[in-house]
Structure formats: C-alpha cells, structure tokens
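Just below is one structure, and these are the notes that go with it.
We just call them A, B, C and D in the order they show up, numbering each chain from 1.
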Amino acid sequence: MTVESVTIAYLGPAGTFAEAAVTAMGLSGVAVPAASVIAALDDVRSGKATAAVVPIENSVEGSVSGTLDELAAHPPLRITAEVAVPVRFTLMRSKDFDGQIQAVGTHSHAAAQCRRWLHENLPDASVVFTGSTAGAAALLGKPQDLTETGPHFDAAIAPELAAHRYGLAVVADDIGDNRDALTRFVRLELPGPLPLPTGADRTSLALFMKANRAGALLEILTELAVRGINMTRLESRPTRHALGDYCFSVDIDGHINDARVGEALKGLRRACADVLFLGSYPKHDGNQPVLAEGVTDADYADADAWLATQRSNR
Amino acid sequence: MTVESVTIAYLGPAGTFAEAAVTAMGLSGVAVPAASVIAALDDVRSGKATAAVVPIENSVEGSVSGTLDELAAHPPLRITAEVAVPVRFTLMRSKDFDGQIQAVGTHSHAAAQCRRWLHENLPDASVVFTGSTAGAAALLGKPQDLTETGPHFDAAIAPELAAHRYGLAVVADDIGDNRDALTRFVRLELPGPLPLPTGADRTSLALFMKANRAGALLEILTELAVRGINMTRLESRPTRHALGDYCFSVDIDGHINDARVGEALKGLRRACADVLFLGSYPKHDGNQPVLAEGVTDADYADADAWLATQRSNR
Amino acid sequence: MTVESVTIAYLGPAGTFAEAAVTAMGLSGVAVPAASVIAALDDVRSGKATAAVVPIENSVEGSVSGTLDELAAHPPLRITAEVAVPVRFTLMRSKDFDGQIQAVGTHSHAAAQCRRWLHENLPDASVVFTGSTAGAAALLGKPQDLTETGPHFDAAIAPELAAHRYGLAVVADDIGDNRDALTRFVRLELPGPLPLPTGADRTSLALFMKANRAGALLEILTELAVRGINMTRLESRPTRHALGDYCFSVDIDGHINDARVGEALKGLRRACADVLFLGSYPKHDGNQPVLAEGVTDADYADADAWLATQRSNR
Amino acid sequence: MTVESVTIAYLGPAGTFAEAAVTAMGLSGVAVPAASVIAALDDVRSGKATAAVVPIENSVEGSVSGTLDELAAHPPLRITAEVAVPVRFTLMRSKDFDGQIQAVGTHSHAAAQCRRWLHENLPDASVVFTGSTAGAAALLGKPQDLTETGPHFDAAIAPELAAHRYGLAVVADDIGDNRDALTRFVRLELPGPLPLPTGADRTSLALFMKANRAGALLEILTELAVRGINMTRLESRPTRHALGDYCFSVDIDGHINDARVGEALKGLRRACADVLFLGSYPKHDGNQPVLAEGVTDADYADADAWLATQRSNR
C-alpha cells in the first residue's frame, strides 16, 4: 500500500482534538473528517478509509460511550494504536465580530469543563450546545449568504486548531477548569496483523456475561488477578436488552501474545458468554507494568515444560 | 409541611421523561422544570425545591454520567425514591406544518435510539441535536415573532407528553429501535430521615479508591461478597485528576439499616479513601434479593451475642 | 513382566489392614510385609518391590503423617491406585490363654478408637502400645522359648485377619467406637505410565510455599477455584525448617491429563516454590465430580482454538 | 488462690519436654505428670488440676493430633499461654550398664528424628517404641526386682531432663537430625478471664463446616483476609463421621478483643456450622503482626461512628 492510498477518518469536523490526535500519532496519508464515531468506523468497515481515529476516554468526562458501544458492534474492528492528547480549550470568535459575547457555542462536555471560567468571565452569556466543539467554530467561520440565518451564538469554545481551520480570532486560551485534562484516542483498523509486543502494551476487550450468574464481575477480576494482570479501565455498558443487563468494556496491561494474557483471555472466554478481542497495542505512556513473581513468558514456558514432563511416563 | 409548599424540580423542559417520572412517583406538589441536572440539584441544595427528579440510568445508553458526577459532589444529597419509566419516542411536528420533513431535532441519545426508524422512514432527513428531546418540541411549538429565526428542523423526536405540552401533532409513535427501553429516575432530597427498609431496597454509593492500591476493585467486590451482598450497578467515573484515576458509582441490594449492609459499608469505609452514602430506598421493581445462608439480621444478632459471650469470662 | 516377578510391599506385619488393602486392590503377586512406611517405600525405590501399599488417611485419625512426609521425600514415587478399607477392630488372645485379661496390646490409634469398648468391658485392663496392631497379635502368637520373656499383655486389638495369621482366638469382634471408620490406602510405584483418566480421578500433590508470601494458601485455593477444581483433602505438613513453616499435602478431583487440572498445576507451579506431582489415579468411590460451566476438555479446546484465531492475523 | 493450691498437669512421665515447658512458662505450683493428653485435660475438667501443659505442634512432626482433637471436645477448655521448647534429644543408659547397646527405647517420633544419628552410630541396634521418650528412660531407671523382666532395650532417647529424673548416664547429647527443632506447648484452663491483649497475640479456633458447601475453606480464608488477619496454622482434622469430612484447627494473629478479630469471628460464626473459640493468648515469640491499612481498633471505631452518622437522620 502506498502512502498516497492511505485515508484516515477522524471524528470531525476539522479542527477537533481528533484531528490533533491524527497528527500526534504521526500518521501519513489523507485525514478526512467523519460526521460521527459511527461514520468514521463505517468508513473503515466499508474500505473508504484505512483507519479511523476516535476518542475512547477522557480524564474528566470518562469513557466515550458511543465509541465503546461501536467497538462492541459488528463487524469488529481492532485498535492498533493510541495517543493521549491534552484537552486545551480556546474561546474564539469571528474576526468580524467585536461586540459583547452573549452566547457561546460548544459541545456540552466542553461547556461542563469550562464552567468555572465562563461563570467568572462571561456570567451573563448563554451556552448553546453543538454536536462538537469544532462544529461550533465551523459555524462561526462559515460565510453567511443573505437568505440564511447564522449561528445562535457569537463565540465558540473549541481546540485552538479550530481557530486556524476556520479563520477565527482567539479571545482566550486554556480556559478549561482542569488544565491537566487529557483525551485518549485510538486508531481502529480492520483485523489484520497485530502490533508487535513492546513490553508496555494494552489489550482492550468487551466481555458479555452469562445470564443469571451472580458474582460475574468478581469472577472476571479473579481470572485476571490469578494471572497477575492489572486492569486499567473498566466500564459497564448496557447490552440494550434490559435495565441492569450489562457488558464490560475493559483495558488490561499486556499483549495478547504474552503468555499470561493468552491464558487469561482463554479463561474469560470460558467464563463469559462472549469475549470480543478489540486489540493489543503499545500504551501511549510506554509505562511497563510491574509484574508479580511467576507471570513472565519464561515462567509460563517453564511451567509448560514441567507439565509435559509430569504427564509423560518419565 | 403542607402539600402546597412542596416543589419538585425535574430535568426539564416540560414534557421530558423526567416530568413523566414525577407523575409516576405519585409526588404531590408543584413540578418545576430545571435547565439541567445540576440546576435541579442546586434547587434542592438551596431550598428552592423540596426534591429533584433526574435520570440516573438508561437501559440503552447506560448510566447518566452527569447525574453520577453530581451525586458525588458536595454538599451531598440523598436518593429517597426511584422509578423506571418506559422510554417511548414519538415523532411530532407543528400543527401548521404539513410539508416534507427535511430535518429532525432531538437529543443525540434519542437520535441514536431511533436510528433504524429514521433510516427506514426518513432516510434523507438530517438530524439536529438539541439539549433535550422536549427542548426540540418546545422550539417547534414556540410562536415565532417576525424578527426571530425558527428552529433548524421541522419535526422533533420527544416523549408523547411533549406533544401535549407544546401543542404539536403526532406524526409517528413508538419509533424507538428498542421498545423495552427504560430509564431509571431517582428522587433526591437533602439528608434527612431515611426511607424505612422494605426488604426490597437499594443502596447507592460513591467509592473513592486509595491511591496506588492495585486490585482495589477486587477488594471492594470481596467486601460485598463476604457479606452476601449483590451489586446491581457498577460504573467507574473519572475523578478528574488524571486519565485512569477513577471512583466507582455502585448500587447494591439492601438497606443501610440491614446488618449485612452496615458491616459492608464499614468495611468499604476502612478499605476506601472515602465512601459517600447516597441513600437507601425501595427498588422500583420490589424484587427481594435471594439471601445466602447466614446473612440475615437475625444471623448477625446471633453472632453478636455469641461473640459477647466468648469475650466475657464465662 | 510376569505375575511371578511382582512383589508388593505393604505396611506390615502380616495381618494389618494394609494386607487387607492389598487383597482389596486385587493385586496379583507376592505380598511382603515391610517394617514401616519408609521401609515399604524404600523397597520400591530400590527395586526390591514393584509397588508398596500404605495407609494415607483414616476417617478417625486423619492423615497418616509419615506417609505424607515420605511422599514428599526424594526420589519421588507415584500413587497409582487407592482403596478404602473398613476399619474393624477385633480383640484376640492366645488359644492357650483363658485367664482374666489384665493388659491389652495394640497401636495407640487403635486404642484410642476402642476407648469406649475398653472402658465398658475391660475397665481394669492396662493398655500397652505396640508399633502396629498386627504386631501385638504377632507377639501373642509367637511361640515362647524358655529363656525369653513373652509380651507384657495377654490380648491384642488387631484386624481379624491377624487372628488367622497368628493362630489366635477371637474374644470380641467389631469393638471400635466408630463402626463406619475407613482407612484409605494408596499403591505407590516408581514413576511410569500414568493410570488412564476414568472421569472419576484424584490427583495428589505436595505444595511448597515461597517464603514470606502472606496469603499463600488463599492464592493456592484461588488457582484451583478459577479452574473449577474441587479440593478433597488438605493437610499442612511442617517442612522441618522452622515452627510454622509448612508445605501442603493436597488431593484434588481430576486427572493431570484433564485440561483444567493441567492448567491449574501449571498455575501452582508458577505460584509455589515447588510442586511435587504425586499421581493421578481412579477414586475408590468412582464418584464423578459435578463440573461447573466452562471447565471441560472441550471448553478448553474451544478456548485454545479461539485464542489462536485472535492471535493470528485474521 | 494460693500458690500452694496450684496444680499443673503435664503430659508425663516426669522428664518429658512437657515438664520442661512447665518450667519455661514460669508456672508456680505443683507439676504433676499425667498419663496422656486426655488425662491431663480431664484433670483440669474435673478440678484435680488448675491447668494442663501439653504439646500442640512440633516443627518436625507437625500438629499433635491428639491435642487438637481434645481441644475440640467437650466440655471446652481454653488456651491461656504458650511456650516453644527446643527439642534436644539425648541418648542415655543405666549407670550400671556398659555393654554394647543392642536396642534403644524411645517414642516413634523421637526415633524418626534421630534416624540419621542412629544409622551412623548404632547401625545394628534395634529400636523399641515406647509411649513416650521419658517413659523409656523411666523403664531403664527403674530398679528391677528379681521376679520381673526389665525393658527390652538397654538405652533410651529422651530429653536430658529425664537422665536427671531417673538417674541415668548420658551417652550422647543433641543427637537429633534437626537441631533447630521446637515443640510448641500450650497451657489449658477452664474458661475464665481471658489473658489481656498484648499486641502480639494468637487466637486458636476449631471450625466445623456446613455440610455440602463446596469452597468452604476458600470462604473461611476470605473471611479472615477481608479483615486483614494472618493465619499462622491450619490443620484439617477428621470429624470422625466419614472419610473426607473435616473440621479445621486454626491459629490466627490477634486477640478476640481486637475489633478485626471480633468481626472475623462473627463472620466465621455465620459461615460455619460451628466455631469453637479456644483462647486468645500472648505469642511465645512476641512478634507483632504487620497490619494492613484500615484494620486497627481505631479504624474500626471510626467506621462504627461513620455508619452511625449515616444511619441517623443527619
């Protein structure tokens, strides 16, 4: 595949943190905004895009439910990379506008994360929710023809990148209440060769419980703990069947090719109604897990050899 | 307190499922819409309202993160009742409009839950996201003065109640993809006398982990399992400090006045950095838990008496 | 190997329950009494005997420590069969003696198990401890020459078989306080082909703990529980290094060739300082374990195949 | 009670390690040998003795089954103190005898522990088992009248104290294969005031399982682990009902008056068919347990107060 043919669908519009994530991942090729997480993933499923880049988890808002749900949908895609992008909000306006800001457009999550700044700096402004932060910027930047009404707001909260994309003027930068906020983005591709283990890998799973099995979560955690595997994220998602009927979206330390992860996955496969393997890929922070005694590949190989000897007639 | 003085703040605007939940709870008093979950809760905190009714969990979308986060905020409120409301979506339009529907306004969650119907029946219509389903209906029903632009859509997906509230015409009823969808609503009040145990109660908690304690969730589940307590909901929510730093929002079977629940809460209190008790209240379905051997109040009382005897000099 | 060449060393002397166990096992060949459990095992280790039959567990006295300790010693032997022999005590005397019984010879365990009968029937008789029950019978039955002193007792408590072996007269039969008492005997051989799995098998292990690992036993039990394996016997034995430094002698349901047992043994191998595999062999009662969901060989094979598919590039 | 009236029954005869344990415990009063563990305990039950001193655990031979079984018998006694006595074996003979040693009398456990020495130094001597080590010494030291036959051995392996008691000559000292061997002795009394907590205490229990409850031991260990309690000894003992039907004899770190131990005992009481509390007493080594976070009495008191606040109407 030549570089030219590579198309990356990201959660658009242009100027979102997702576009910044594509850059941060160092991906070559053409980055194309998609209207939604679903649309980005469907572009990969249909072959229109080689990969999709979508948010999965935010340090303030938590997991991105839509992404988790789509990851558990069919046909399956695989996570092949991740990156963590600082969430830095910028207030921007049209270069033509210099009046009093009476309404601010942004995504509801961004509004929530800038609540304190807005309260202190624009106490009288109303907030209009848009489908995305960059979408608000796009509306502000769009040339209006005479027959059309403009947006119902005169400033937008969006990534600074959006100001460049849409030719807007920055009013205030870094206005988030939590300046350490990060969003984790993942790259999704069709199932294919797995990224090689690096020693600092993450594996993502969707686990569907057997009906009527009390203590199912305790059982799952024990399957992991027995193999010395650390769980770094757990989210319950409704299966859409009944209130209280959940599956679990889980990240664990390690690569499916690691012996301990392989055995744990097989244990989960036997304990759960279904297990979706969503990928093994290098962690964005490169932090290697501290392993307990007896869980390295060498320990597993030694135990395999020992068992074979005991089972044989020697 | 007389009935006249009771004010119930619900997640507005008028016509939402939350208004239906207020009715389903059989609450007397004046029901007043609030602009957001936060606003409804702040009305209770400030004394403007006696109680708030807000969604906490949806069988399709999962937990309502904003409610969970607000429940964990200060000063604390207590859940005193719950109800499950069927989620039935209705497509509605202005009585004056009889053209082709080109754009539909609704909340993004409702749009997601009616995706199949929209795809089959209005494949060419665009969808405009609004802050709430009833909000879309309200915009349609609002008389437009000449200087103002109307909404950017000509139909709304909202609860049928909204059609009545805003004088709209029903185009199609029950258009959700999942007709068994339910939303669980909770009533929140200032801390006060707890609802009495009924034998079919739920207790809600927010659990904050001690830093750097691997296996913390396994530990929490074990604290519950040892006392024979079933967990009915578990949600991790970011603490807003760092990616991967979570607290847990948990529902368990039982009432804080049950001996087993009391001992488990004390165990959690000792094992966690902090435990917020968010209330004990009757379950909407009235289902009594099947108890394991040895965990009734009588079993606890017997064990207390036995220990006292052993510790004394007899 | 011809039948003629087979020699079975049993815990002697002739007439013990161990000799009865040899018969109950249906073993062909020459049964030869050994002076002790150690002697019987050393006969196998040195090639003097093909197999040894020794007691391992008694329903009244518990595990036979000497056997457990020898099983954990080197070079290792393997258990290849087991049988449960009813423990039925008989009071016997020399055919020449018809006086008042003033002293009874027997093993201290047999004395303990006949305490009530002795108290009621021979309240004034003293009890002399001998190395084995049959040993007491042997002394009574031995012709005395003039220069030698006879035994310090005039009756023996031993298996009825001993009366036949030593030409003694039965005074009273079935005098044990617990008439359902059983002793489990095992056949030990040099490591060789394992008995084939029957579906109702037992596996015996000696587990040596890693130093300074708190919760080691909990860890071991979890390794077994995760694979759905039932433990039927657990005995702690001192390692002879320090007070409180123990290894565990364990029986589990299942055969080392069962997938779940194999994985559990590998887990124990990784978690323990050392694991001695002491054999897999048919249970004397033929009771098949009730298996949990997901732990059959077919379930394991399915999980193996599933993992291979996930790891491959498809 | 005056010192004169105190009688200590120890496992006799005179000269055993049990007599040394009485001295090591610093007990005042008259020490009287008893014929067996049962006899010593019955002396306490009947009021003939104030306390009994018997062995409970040996670093080489493991638990003393007879003592464990008697501790679980009725009416109950309580352990009120413990001591660890070095096991040092001495070969001794009559001062009149200076011939070749052809037979050595001792207890079977002592013989096992001196196997190597005997093999190297008296390879041709036979070993005659006696009921106790000191018993062999007593026989050697006993003046023989003409009509009586002497013992069937000409030397004894016993504690050095026995040589003094019976006027014997030491042939060789410290002949045990394991020179660090220790025996733990306990003092038993009728139930009465408990020894006060010292911070380095042990609590002994006998736990009877509910029938047909798989995973019972895992459950017990979890009851302890959840309260941060370390188990220092576990022994399964047959209930004498059926092969494989066991109770557990358990030592744990801590005093019944400790909050965590109290809660754990109540948990065991609810989980088990029966729990016998056998005493809380200072550990012989004075080692204080390293406590996990959240399990001190102060932590328990804080959690109690917190729960009371939550349950009240504030």
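Following the convention adopted for this analysis, contacts are C-beta pairs under 8 Å (C-beta built on N, C-alpha and C of every residue); 3 or more make two chains touch, one makes a residue touch a chain.
Here the structure is a predicted model, which means the values were calculated and not measured.
Work out the mean CA point of chain A and of chain B, and you get 25 Å between them. Per-chain CA centroids place chain B at a distance of 61 Å from chain C.
Shared contact sites, meaning residues of chain A that touch two or more other chains, fall at 222, 225.
Taken as a graph of touching chains, this assembly is arranged as a ring, one closed cycle with exactly two partners per chain. Chains touching one another form the pairs A-B, A-C, B-D, C-D. Chain contact summary for the complex, chain C toward chain D: residues 57-63, 65-66, 84, 108, 112, 129-131, 149, 178, 180-182, 184, 214-215, 217-218, 221-222, 225, 230-238, 240-246. For chain C in complex with chain A, the residues that touch the partner chain are 191-194, 210, 222-223, 225-226, 256-257, 262-263, 265-267, 269-271, 275, 277, 293-295, 299-300, 302-304, 306-307, 310-311, 313-314.
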